[in-house]
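Read the structure below first, then the notes.
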Amino acid sequence: MVFFSDPITYITNWLANLLISWGLASDTVLVIMKLLGAAMVCIFGFSLVIFTIWLERKLYARIQDRLGPNRVGPWGIFQTFPDMIKIFTKEYITPEGADKVVYNLAPILAVSAVLLVWAVIPFAPTVFGTDINIGVLYIVAVGSIGTLGVIMAGWSSNNKYALLAAFRTVAQMVSFEVPMVLALLVPVLLGQTMGVDSLVKAQDVWFVVLSPIAAIIFFISSIAEVGRAPFDLLEAESEIVAGFQIEYSGLKFGMFYVGDFLHAFTISALSATLFFGGWRGPGAETWPVLGLAYFFMKTFIIYFFVVLIRIALPRLRIDQMLNFNWKFLTPLALVLLMVTAVVEKSLIHFMPSLNFSAVGFLIFRSLVLLLTNILIIVVTAIFLRAYARREHVRVSQPRPVAVTPEPPASVIS
Amino acid sequence: MMVPLSWYLIFSAALFCVGLFGVLSRKNAVAILMGIELMLNAVNVNLIAFWRYRSPSFIAGQAFAIIVFAVAASEVAVGLALIISIYRRRNTVVADEIDMMKF
Amino acid sequence: MTPMQIIFILTAAATLSAAVLVVTTRNIIHAALWLIVSLFGVAVFYVLLNAGFFAVVQVVIYIGAIAILFIFAVMLTRRLMSDSGPQSNTNWWLAAVISVLLFVGLIWMLSSWRGVTGEPPVLKSNIDTIGLLGRALVSPDGFVLPFELASVLLVAALIGAIYVAWERK
Amino acid sequence: MTIATLIWLLPFPPLLAFGLIVLFTNRNKALSHTLAVGAALLSWLGSMIIFWQALRVHNFSQNPFVSSINWLPILNQWLSIGVWVDPLTVATLFFVAWTILMIFIYSVGYHNFGQPKGDHDQAGLQPHGATVNNEYGHAHKVPSIEPLYSRFFAFIALFAFGMYTLVISDNLLTLFVGWEIMGLCSYLLIGFWYAKPSARAAAIKAFLTTRVGDVVMLLGIVYLYSQTGSLSYRTIFSKEILHQLTTVTAPGNFLGLSAAGLIGILLFIGTVGKSAQWPLHVWLPDAMEGPTPVSAMIHAATMVSAGVYMVIRAFPLLSAGWVEGGSLTPAMAVMAFIGTFTALFAATIALAQNDIKRVLAFSTISQLGFMIAALGVGAYVAAAFHLVTHAFFKALLFLGSGSIIHGMEHGVLHTNEEVDPQNMFNMGGLRTKMPLTFWTFVIGGFSLSGVPLITAGFWSKDEILAEAFTYKHWIVFITLALTTLLTAFYTMRQITLTFMGKPRTESAHHAQESSWTMTFPLIILGVLAISAGWVGIPSDFWGLTLPHSWFHEFVGSTLMEHPAAVAFSWFPFLTSVVVSFGGLILGWLVYRNVQEGAVDPLQKPLGWIYTTLKNKYYFDELYNLLFVRPAYWIADTFTNQWLDRGIIDGFLHGVARVAFSIGGIFRNYVDKPVINGFGDFIGEGVKKFGRRFRVIQTGRVQQYMLMALIVAFGTLFYYLIFVVRP
């Protein structure tokens, strides 16, 4: 019966006992198990990407009124495998004057940075890599390693376009890390812990309810972090040929590609974990497998939105993107953080005085926080309206470049 | 853990000296800054090691480490900004070429 | 030789050699990358010292911000993609002598100090160093003042950096 | 908000308005006056609330609203300041609040708010009117708005602050503070049109003259503090302290006065300055140079009343050791004399003045004299009563005169003829032109001259006379009666000349009624000038038993032993009736028909007396001769010419010459060879040294660091090896 309720734990326990019975030291077994788990996660991740690529292509096709992959397997579901084979069999090109070591190191970093995140994501009550008490911080740190990979790639492949793209990417990533971290602090504040699993446990009410703004900010800035549309300036084909990975070919390029998709999926998972209650759901505690189901359900729904956004929105100019970050997201995140802190603190402070039952307080707290968020949204909307008005006036001015020269008289006659 | 404190201290001393060497010997101003970073890290290792070994319950060591982090960050920011602006005017970042004591 | 010690020695070797490369290698970008390696090594030391928080912070601040900044600065301040000529100035030998002397002196001083040997006190399992640190940093009888000062310093540095690096047209 | 808090906050709205106007809203006239009037309104509201609260408290005088805080640490004790609202304060607060509010409103109209900018107005001069084209296109002149409009409101707001502070303060020190603030404001406002030389002179005159009084008053306060170690009313007016003060004799047995007597007299001199009593009265008439609202507020209703308020407040001290009906204390005697004399003296001068405002100014002086005299004879309540009523009707009169002048100016602007709009002989027949002003002015005038039974002035004056009569101070009684006669006379003279008969000039023809902002206060004050008297009707008036005099009960209870209300007697009543009516009728008869360009009918019969009166008994000239000229002489001839130029400079030049020669010797034989030589030697040395060692300054940071480290480690290792080890 335990098997059905919680298969993964069951299997791991069985394996561990098996190894111990073979006479290995317990901590050696622990190490082995951890390594196995890591391997499992990696494999799972990659195989997931195979599916998501297909999914994304299908969605693209549907929205662009095409059929999309439809030859290999039912609904072309196996289309990705031939692509893989193609990529595997391509030639590895290392450009002249490239910095070999760095050049080969970069894609590995890029992928591992993404995979490392999975170490702290709890898939189910009993299934997670590890629950370090600074999980959120860890996530941020790992993200910065990704930046490193990008810049290494861009620099080492001795190519101006690649370098420019790398600069752009790094600028984008570093700047969007700021609102992302600030938004991450809100769940930390509400859950009063930095451990990811404890955060999930703390979500009796989803944090997206308690602080929708934080969720939105996190969502947007992590999309920018990934560098998908509408923030995909780093591979704006029209300007810089194909981003920082222009010189890469074969599997190395494939790694970047996979890393990209995996990253997209990862941020969906993160949003699901931090704001949508992760594996939480009816009966998840008793039936961890249910938790697993809930988690992936939420993740896929969010991932669907990520893809949708990518499909629907056009690309931003770089100045627009940076303005949007520094002049809108970051201040908003700051304000939100402060306001939430104050409200939460005062709630905790006044809780004894207004003697609620536990549930009553939960509801009350949620309402108050939600209202605060709505208030902030309204204020922001007002500001934005004023800005939009000014912008409209500014844009409607005639531009000096647009003046049409006086046609010569001969033309008129 | 069977690692004696002295190992940490020796390690950080070595790191510090390497950093010092970098600061004294490198031409490129950015590289000099890197050396400084190494020295600061050595200091941090010392702080944390002492905290761990002498008074784990008293948090002062970590607090100072945090402050060292802040100092390092600001130092890098200002330093690099200076280097860049110098580069703009002098078109060089070689420390020896920046020897006229006014701009 | 316990596993812990082996790990320590390996990490120390890696870190130090990386550091040496930082201060000696010609290609300055490589120097920056080596710097990253050695900073990572330091982060490992933090982990060994049960200061995981610092390890992560090290990664965030140094690798995520400072190293990237270095690379940027290098790229912004270079005429060609690759360096030519020796990267160390004429009296590097003197510097080396000084450094070695300093190292020797420090070791010698350490050897004359009794407190270096001995086991570290066992951390109580339930001790929450991050919580302690957080409270200490914001409690009036703790380090709130230095903390505030550090933040002010950061802001000042930020503004200063922006001002200094401002492209005056 | 507790009542104490309210009292504390009372003065602050005007101060706030002052600050705001001066700092921020100076440009915006409308906003400025809105602020000022709003502040006045707030304070007025507060005062009224306090008033009603006070009425509702049973046995109010025994438990007044008091609150105090520590202010200045003195040695081991605190000098505490605070607020103190007892019946007297309440009464004062009542009229202060009303008059201030009314005058604030009035000022809006008086400074022609809403009128166009003047053609060639300049800051510091009265507006000269602006030319506008009416609907037919004819250009004609209309009044123009005051250039320094906002500044005016800032000043009066500050003034209001001072007044409220003075009234609610519970000790002489804060009272003095408010006192001085008002002094400053008076200076600023008299010199408001500072481009006029006469205004400047008047301002300085007022400032200096009052300063004389204030210095002496400060002496009194200091002496009091040195004697009692406190300044708060509660302490200094307590029985034992007063007793102690009466027993102690003044230092050096000064005129054989007791400490109480000396302090009383000193404080009273302060009042003499502030309330313009003889001999320090000279500034008040000149103060009429200021805008009329100022004259009304500062120099009639409130500030000069502050002087009287102070002596009333200090009455227990002044009258220490005096029992009702007993012989007067020295201080009281002095007050009685000065008050009576001033009353008569000023009234006589007022007879011969042609400037409508100056007449009122002198009448103010004489009325204040009334109050002082009343206090002098111990008529505590009567004085307070007259203070209140006088404030109302005098404010009314001044505002009325202002309105008249305004109307006249309108006429003058309309017909560009060169007439003084303030001279009564240029007016006449304004009755029909400005009816509202006329009626209110008449009410004020009758109240001033004490028309029996209806007007407020009658009841207060009658009470004073009655007290003087009852306590058998005949001289005072007779003089005051005579003064009342004169008062009625010149009041009627004024009314007749201004309103009755035919217009004597074109301007008077074209005078017109002022705007509602000016007339509305007139009406309010008119009502008050009548009704304020009814609270003080003696209980046994006319033998019939009325509900006993509320005011007497109320204010009288402030004193420790309740002063007995004097029994009603026919003689003073009849006297006041006779004198007031007599004066009025006389005035009417004399000035009934003054023709255009005629001189004052009194001029011929009185002859040189008239000129004397017209020149105010030559007091200004006298002071000029006695004080001003000598001061100039000392300053210029004596100090400057003789002392400074002659002696001091001569001496200094001598010294200089000697020093110069000595210096020469030193220079040639010591400095050049020895010191310079040494200095140059050092300089050279340093230069050589520098030349040797400058090679190490390469400007290369790393080299510096290297050297620094070498030195540092060298020292360190030396220390460790050779110092620590062995």
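Every chain is named by a letter (A, B, C and D) in the order it is written, and numbering of its residues begins at 1.
Going forward, a contact is a pair of C-beta atoms (placed from the backbone, for glycine too) under 8 Å apart; a residue touches a chain by one contact, two chains touch by 3 or more.
Model, not experiment: these values are computed from the prediction.
Visitor: Trace the shortest chain of touching neighbours from chain A to chain D and give its length in steps.
Guide: 2
Visitor: Which chain is in the middle, if each chain's centre is the mean of its C-alpha atoms?
Guide: D
Visitor: Hey, which pair has more contacts between C-betas, B-D or B-C?
Guide: Looking at B-D and B-C side by side, B-C shows more C-beta contacts.
Visitor: Between chain B and chain D, what is the separation of their C-alpha centroids in Å?
Guide: Distance between chain centres: 72 Å.
Visitor: Just curious, how far off is chain C from chain B if you go by their C-alpha centres, in Å?
Guide: Here chain B and chain C have centroids separated by 6 Å.
Visitor: Could you give the separation in Å between the centres of chain C and chain D, each centre being the mean of its C-alpha atoms?
Guide: Roughly 74 Å, centre to centre.
Visitor: Any idea how many Å lie between the Cα centroids of chain A and chain C?
Guide: 29
Visitor: Which parts of chain C, given as residue numbers and ranges, touch two or more other chains?
Guide: 57, 65, 72, 89, 91, 94-95, 98, 102
Visitor: What are the residues of chain B that contact at least two other chains?
Guide: 20, 24-25, 95-96
Visitor: Give me the residue numbers in chain A that touch at least two other chains, ranges are fine.
Guide: Not one residue of chain A touches more than one other chain, so the list is empty.
Visitor: By the document's touch rule, what are all the touching chain pairs in this structure?
Guide: Touch list across chains, by label: A-C, B-C, B-D, C-D.
Visitor: In their shared complex, at which residues does chain A touch chain C?
Guide: Interface residues on the chain A side: 97, 99, 102, 132-134, 137-138, 140-145, 147-148, 151-152, 155, 158, 163, 167, 170, 174, 177, 194.
Visitor: Which stretch or stretches of chain B touch chain C in the complex?
Guide: It comes out as residues 1-11, 13-22, 24-28, 30-31, 33-35, 37-38, 41, 44-45, 48-49, 51-54, 56-57, 59-60, 62-67, 69-78, 80-85, 87-88, 93, 95-96.
Visitor: Touching residues of chain D toward chain B in the complex: what are they?
Guide: Interface residues on the chain D side: 698-702, 705-706, 709.
Visitor: Looking at the complex, which residues from chain B come into contact with chain D?
Guide: 20, 23-25, 32, 95-96, 98-101
Visitor: Help me check something: in the complex, which residues belonging to chain C touch chain D?
Guide: Going by the criterion above, the answer is residues 89, 91, 94-95, 98, 101-102, 105, 109.
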